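Chain nomenclature is as follows: A, B, C and D, assigned in order of appearance, with residue numbering initiated at 1 for each chain independently.
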Amino acid sequence: MSSYKTLKEEAYEANLEIMRQSLAIYSWGNVSAFDPDKRIFAIKPSGVNYEILRPEMMVIVDLDGKIVDGNLKPSSDTKTHQVLYSGISGIRGIAHTHSPYATAWAQAKKPVPVFGTTHADHCTAEIPCTDFMSPDATKNDYELETGNMIIKTFKEGNLNAAHVQMVLVAGHGPFAWGESAAKAVYLGAVLEEVCKMAMLTLTLDPSTKPLPEHITRKHWERRHGPNAYYGQK
Amino acid sequence: MSSYKTLKEEAYEANLEIMRQSLAIYSWGNVSAFDPDKRIFAIKPSGVNYEILRPEMMVIVDLDGKIVDGNLKPSSDTKTHQVLYSGISGIRGIAHTHSPYATAWAQAKKPVPVFGTTHADHCTAEIPCTDFMSPDATKNDYELETGNMIIKTFKEGNLNAAHVQMVLVAGHGPFAWGESAAKAVYLGAVLEEVCKMAMLTLTLDPSTKPLPEHITRKHWERRHGPNAYYGQK
Amino acid sequence: MSSYKTLKEEAYEANLEIMRQSLAIYSWGNVSAFDPDKRIFAIKPSGVNYEILRPEMMVIVDLDGKIVDGNLKPSSDTKTHQVLYSGISGIRGIAHTHSPYATAWAQAKKPVPVFGTTHADHCTAEIPCTDFMSPDATKNDYELETGNMIIKTFKEGNLNAAHVQMVLVAGHGPFAWGESAAKAVYLGAVLEEVCKMAMLTLTLDPSTKPLPEHITRKHWERRHGPNAYYGQK
Amino acid sequence: MSSYKTLKEEAYEANLEIMRQSLAIYSWGNVSAFDPDKRIFAIKPSGVNYEILRPEMMVIVDLDGKIVDGNLKPSSDTKTHQVLYSGISGIRGIAHTHSPYATAWAQAKKPVPVFGTTHADHCTAEIPCTDFMSPDATKNDYELETGNMIIKTFKEGNLNAAHVQMVLVAGHGPFAWGESAAKAVYLGAVLEEVCKMAMLTLTLDPSTKPLPEHITRKHWERRHGPNAYYGQK
């Protein structure tokens, strides 16, 4: 294996988690792991099933989309990852899945309200959903424009991508990011669980109101910021 | 094993995928693998559970329905496979499942709209649903008429079976086909996932509109045709 | 093990299938295997989890409810099995589960319409649902009266228990029976799948009509009666 | 391991059951095992995934929240457990999960009606749901106040925590308790199954009435009290 062994293994392990958590079937979805010093990332090769994936199959790409190392073609969504690594400071992993509940919210083009503490533990705002891409942008450079659309959604919504680490791309599906590839795919699994719970909640009562703001904030602060006390650190 | 070893093994492997992807319980469903030179196909024996299935149990049948090789009775749906291999040029595999979401759409007798890119990656049109078969056709030669009804649905809907490789038979369930038995059962799994996502989408918003046409086309062209760039070829 | 070894093993294997097909959690549900010559049946012991179940734990009971062999207490539903073996001729197995979709139909006290061929392959009529038991019958001999209520539902509905081999007990859950314990639990799994598909069908279109009668009959006759051609016999 | 070996192992085993029954993903949820003589309990460490959990990682805490033994931080919900062990006499185990159906009922802030015998076998009343906590209580001592709110819900509802051994915390999720940690997590699994069945029942018929009271009582008495006859004791 190349000198990118550690980064490739990090990306590989996170990609396998997509299969373990049933966030996509066959080859769908992809996770990348970013090295902020070298400004490169390791990403899943395009169209390769999780069952046959190996660490050395990961492709190393720089932020201009140049393949730095690897014998396979990188994920067709690679440019979306590039744009997000360039546009969101501090992240080291991105996960894209086709998990069914999150995809259904994306297909219905609806942001996911904060209905409970499972959501608030990971995000204090509703999960945003982008607009549909314009015909021109679609023709131009589709995957790069998908990244741009995500960045634009956060800017226009005045959202902090360090607090809202997930997004739904309208008609497509979810992306999540974090301080590592493992964290990104973890948040992909959280998003699916939150989307399932939110849909079941609306099934029971379509008029359900979001969680009171003070409970939302409390749950976020249990896990994040200077007074966090959840976990072992 | 007979001289049809390779074809039987291809059919066997694809049939097992029905169980691995939970597309049917017990013995339900069937996949066949076609040899276009010899004009014969290998198909699952009737009523045999996936747990005890073996490659040598596959039955070799020609396009007139004559058993060419094998000690067991072929699937009761064999004539439907015959008609589809005769009527759709270029395909080498057919999969029939009883997966619950696809079956529900078939039971509700509703075509599945293109609500997202998961659908558009594999098909640019809604998944068609046949009519119910007439009492006369049902009495005549039921499984052969099921094939005829599928062909008729495609003709009347002016659909290209190379682009729309899936169909719902009203009140019964899904069929899918492709350039190999493995591809056919893969599309059977895709169809189930797409049907689940579409139902969840309508649960969230019954007025959901189909994906804009330019995005649908873009996703199809990422994977098919001269400018495809998804996967490793 | 006692001289009832074969019968106990048949019951044991069929009980394990409840767990394998996810038809109940922990110790819920029970299957029995009947010997029509000796007029006795082997049944799951009460409240024993499937994970620790062993063939020799099965209890042998006669049709008066007398324990003929075994060191454990039989299922609390034993008298329901007695009544069904006495009242339905020709059956050799009974399965009772708490599978979620079938239980939901029972809790909503609704018979399950024939919406598709998956249902028609196994039963040509809607799956009946009993009434709620009266307070007096409940006090009297609850499990025996449950059996009586099933028999009464079939009599009043003029249903043939050889063709309709499943029933929902209102507010409780499903029972299924057949020519062996294995067949009974198979039909329990079929019922769950049919109940799931029927609920999903109504979610897509609450006005869905039952499958045309001629298709229902055709699918039944593919598998049952003198002209059956499904399977290997 | 310390002298608390047995208690830690009991808690450990019950925590693993959360994963085995799919009642939470990753590190979510927690179970504790109580020793009523020593007035201490063993509880899951905070934020540790089930996959890497070991018996010796359990933390021993007394009813004032003092850590008596263990190298890790206890669950962030520890104070809720303290309050419940102090306020409900006779219990020796508590389980908190994030199972999706129970959480959806909690998010919709709805008590779960007794729709069937699966529910009545374990509880004769609807599963209560607390109010949302006030901003002041949330700021004060959140997890302790969660316990107080549960106790208050039972007092105001005049509920006996020996008969109703489960509760939904509004906007958060379920808690269950019992005479052992194993029983508590068993009831957590029961609650999820009951919540799923109840939601499916309302999907079929939103006007479904609760089970007649005499059947509810009968099923409870089959398993509880002097005339119980379910199980092997």
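Keep this in mind: contacts are C-beta pairs under 8 Å (C-beta built on N, C-alpha and C of every residue); 3 or more make two chains touch, one makes a residue touch a chain.
Just so it is clear, the model here is predicted, and its values are computed rather than measured.
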Quiz item: Which chains make contact with chain C and with chain D at once?
Solution: none
Quiz item: Expressed in steps between touching chains, what is the minimal separation of chain B and chain D?
Solution: 2
Quiz prompt | Self-contact between copies chain A and chain D, residue sets same or different by half | solution = different
Exercise. Determine, using the mean of C-alpha atoms as each chain's centre, which chain is farthest from chain B.
Key: D
Quiz item: Where the CA atoms of chain A average out and where those of chain B average out, how many Å apart are those spots?
Solution: 32
Quiz item: Counting in whole Å, what is the centre-to-centre distance of chain A and chain C, each centre being its mean C-alpha position?
Solution: 46
Quiz item: Which residues belonging to chain D are in contact with no fewer than two other chains?
Solution: 203
Practice problem: Identify every two-chain combination in which the chains touch. | Solution: A-B, A-D, B-C, C-D
Practice problem: Under the touch definition given earlier, write down the residues of chain C that touch chain B in their complex. | Solution: 21, 115-118, 186, 189, 193, 196-198, 200-201, 203-205, 208, 211-212, 214-215, 218, 222, 229-232
Practice problem: Spell out the part of chain B that touches chain C in their complex, as residue ranges. | Solution: 25-26, 28, 45-48, 72-73, 76, 98, 100-101, 103-110, 132-133, 135, 138-139, 142, 171-173, 199, 202-203
